[in-house]
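Below are structures written as structure tokens.
After this come two complexes, each holding subunit A, first together with subunit B and then together with subunit C.
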Partner chain A sequence: MSNTAKEQILDFVRGRYPQAEIDETQDIFALGFVNSLFAMELVMFVEKTFGVTIPNEELKIDNFRTANAMAELVARLSPTLAVA
Partner chain B sequence: MTVIGVIGAGVMGVGVAQNLASTGHDVVLVDKDEQILADALGTIARNARMSRLMGGPALDPDEVLARITTSVGVGGAAKCDLIIENVTENWDVKREVYQALDAACGPDTVFVVNTSAIPITKVAAVTGRPDKVIGVHFMNPVPAKPAVELIPGFHTSPGTVQRTRDLLTAMGKKSVDVKDSCGFISNRVLMLTVNEAAYLVHEGVADAESVDEVFRSCFGHPMGPLETADLIGVDTILYSVEVLYEHYADSKYRPCPLLKQMTDAGLHGRKSGRGFYTYSTAN
Partner chain C sequence: MTLIATAPPRVVDRRSARAFVDTHVVPYADDYDRSGRVPEDLLRQVAAAGLWAPFLPPESGGAGMDLVTLGEVHEEVGRGCSSLRSLLTVHTMVAWTVQRWGTPAQRERWAPALAAGDALGAFCLSEPGAGSDTAGITTTAAARGDGWVLNGVKKWTTGGQRADLFLVFARTATSIGAFLVPREAPGVEVRPIDDMLGTRASMLAEISFRDVALGPDALLGPSGFTAGMVLTGTLDLGRYSVAAGSVGIVQACLEASAAYAAERRVGGKALAELPLIQAKLSDMVTDARAARLLLAEAGRLKDAGESGTLMATWIAKYFASTAAVRHAAEAVQIHGANGCSPDYPVARLYRDAKVMEIIEGSNEIQRITIAGQAERETTS
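Up next is the complex of A and B:
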């Protein structure tokens, strides 16, 4: 894995919303064009890409608002992956 | 506690079963083979897990699943007091299912037709209980949508309307009453809108992005009509417009050639990865 978790997550989000300028601190839900359906896609992307299962209590919007928050979640669930 | 039969474990049936189970109802989910039912339970578990993230209540997937039993064939739903049917929007398929249900169920069982287009009176006519047949057009995803269209058929009794309304209330749904008519309110307006939006692209008046931008920015809609088409499925849109065109024999429902070409080319929207827009992952 050549990219950090944060970069991979940002690539995924930017790939879906190429018209927006998104950095790792940007609240993608506050931007208005990301909806709850995309939140579910993010969960599936994170679980598949990083081979983790997100526990039910972590499935809340706050963990998916920014690339930073998602990378932190990945780090909590799988410390070695997040920096690899 | 009454047990509700849910016929069909596709997208709509799964949503209805989850909505019922998560609001405390016991459900028998029916389809034609074990694999479909096993996949449906997996989907319900996943959706229940995602509920809070999708803006719904926090659900325990195990509790939701514990309220659902499955059955191959309509016999499993024979003892239910009320049945919500969600099979494909194909008249021949629906007719067969209703004839089987009518033979299997007791005379007091209410049949709820979940459809976006098929006239309820036509369904009622193939059963021996036209007063106990009523239409409800659930929206997708069922658990997340606050309202439904409620459609009594020609012979539907006030008691059947009340029983259905009570169940919908218990499911957390508001109902909007509509007279029996192909496409009801939602699809008569939405399908024409999407069809006309496709014509704008087809004729080169604007690209898909611009069409949707007008609806988002000028009208404050969360999604434009062509994004909506991709979400529903371009092929499904085409079939719905064709049903309206055939039923009303009115040229205002003429299907846009671009919808036909996209359907033939496999550009079915999100589910195929490409429609009016391109998606990085098919879902």
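Up next is the complex of A and C:
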């Protein structure tokens, strides 16, 4: 898994919620941060940043709960990026 | 290569959109408003100009138009007629959603027809008891066999009297799902809603779905929590189009008011020489430009795939719709009794502008959303 991807995702989430201390394993849904606007922003951020298109079948809550999960999703969608 | 000499020019940018609107829309918009419908002839001209879904990629029948340009085009249409722009808006939402979230089979079935205007799309979200508060949706889609059964009533469906394909948001066992429902599906009933305050020609309808059986291919996009994203994305584009249309209303108010003020004389002077009138016109000029820039920024972020476009679009729509209401009221004021008459377009602009503050997320929802982001980002 790419640390870079994970860090970029964490930066994005922290940028939107600067008052919260969020780490890579925290479930941002359980923390109550995610509304539909932010969920869409997350998807757009991941697609834009990593140059991937997330297929419908990967649009599952478990892929977006934590920065770790999102980084793993990116790695699955873009294996070459993950090793870079 | 054979060119058909009589084919109307395609709309590819603001300039060609402006020419189309000045030729086919502006002279007739008050008639549409009075008759409560956009005539079939105009719908065909819109199709011939390639206006229904030019943002679709060429392989789906579109022209690959970028969203900054689409905003400019929708502004021009909104300058001419908010009812036509409303039809364009909901059609845009359906076509974009099919392209963005559809399976290859769904895209193949619907996108070319939507691009050509052979199938007109409408967006069904509001219900008799649920508007901007989507949590109140009671329409249900129950899984049956490998398909779905749809039940419920949708209200205020723009273009519903005319549309061929409805994008219906309904409650499933786990979330809110988006469903493609052809008008001819058994159990679909369309009842016109007439005599609205504004966008009177947008052919609103109330649509009932009674045990409408749908195949597995009716579900558009993911199910589960991310299904809400389809709605968020669809509304975002609708909001963008409404913002564009609102800029068009401000521009139309400005053009009508400037022309009237130059001609109309009071106490031997043209209205345009009076400082109070100049103040109104200067505010129209300034707000038209500001709203246009906010819209262009939202469009630029969309074209770049930047997530910041969502909030930028909320802000553009909030600013442009409130500016439209403010300046439409002033445009009527400048026109005096003439402004209250059917002889000038400003009465229509005034009524249409008010609708912009309500649709695609009321102003109250917009302010809550914009303030929510400000609060999150500044609290430490």
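Definition applied: the second predicted complex is superposed on the first by the 80 of 84 C-alpha atoms of A that agree within 3 Å, B and C clash if a C-alpha of one lies under 4 Å from a C-alpha of the other, contacts with A are read in each partner's own complex, and residues count from 1 in each chain.
To be clear about the criterion, contacts are C-beta pairs under 8 Å (C-beta built on N, C-alpha and C of every residue); 3 or more make two chains touch, one makes a residue touch a chain.
Given the structure is predicted, the values throughout are model-derived calculations rather than measurements.
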item: First (subunit B), second (subunit C), both or neither touched by A:K60; value: both
item: Subunit B versus subunit C as contact partner of A:E41, first or second or both or neither; value: both
item: Chain touching more of subunit A, residue-wise (subunit B, subunit C); value: C
item: Which superposed partner A:Y17 touches (first subunit B, second subunit C, both, neither); value: second
item: Touching partner for A:F50 - first (subunit B), second (subunit C), both, neither; value: neither
item: Intersection of the subunit A residues that touch subunit B with those that touch subunit C; value: 16, 36-37, 39-41, 43-45, 56, 59-61, 64
item: Subunit A-touching residues of subunit C, taken from the complex the two chains share; value: 101, 103, 221-222, 224-226, 228-229, 231-233, 236, 304-311, 369, 376-377, 379-380
item: Touching residues (chain side subunit A, partner subunit C) in the complex; value: 16-19, 29, 36-37, 39-45, 47-48, 56-57, 59-61, 64
item: Parts of subunit B lying in touch with subunit A, wherever the complex brings them together; value: 49-50, 52-55, 58, 60-61, 144, 222, 231, 279-281, 283
item: Partner subunit B, residues of subunit A touching it in the complex; value: 12, 15-16, 35-37, 39-41, 43-45, 56, 59-61, 64
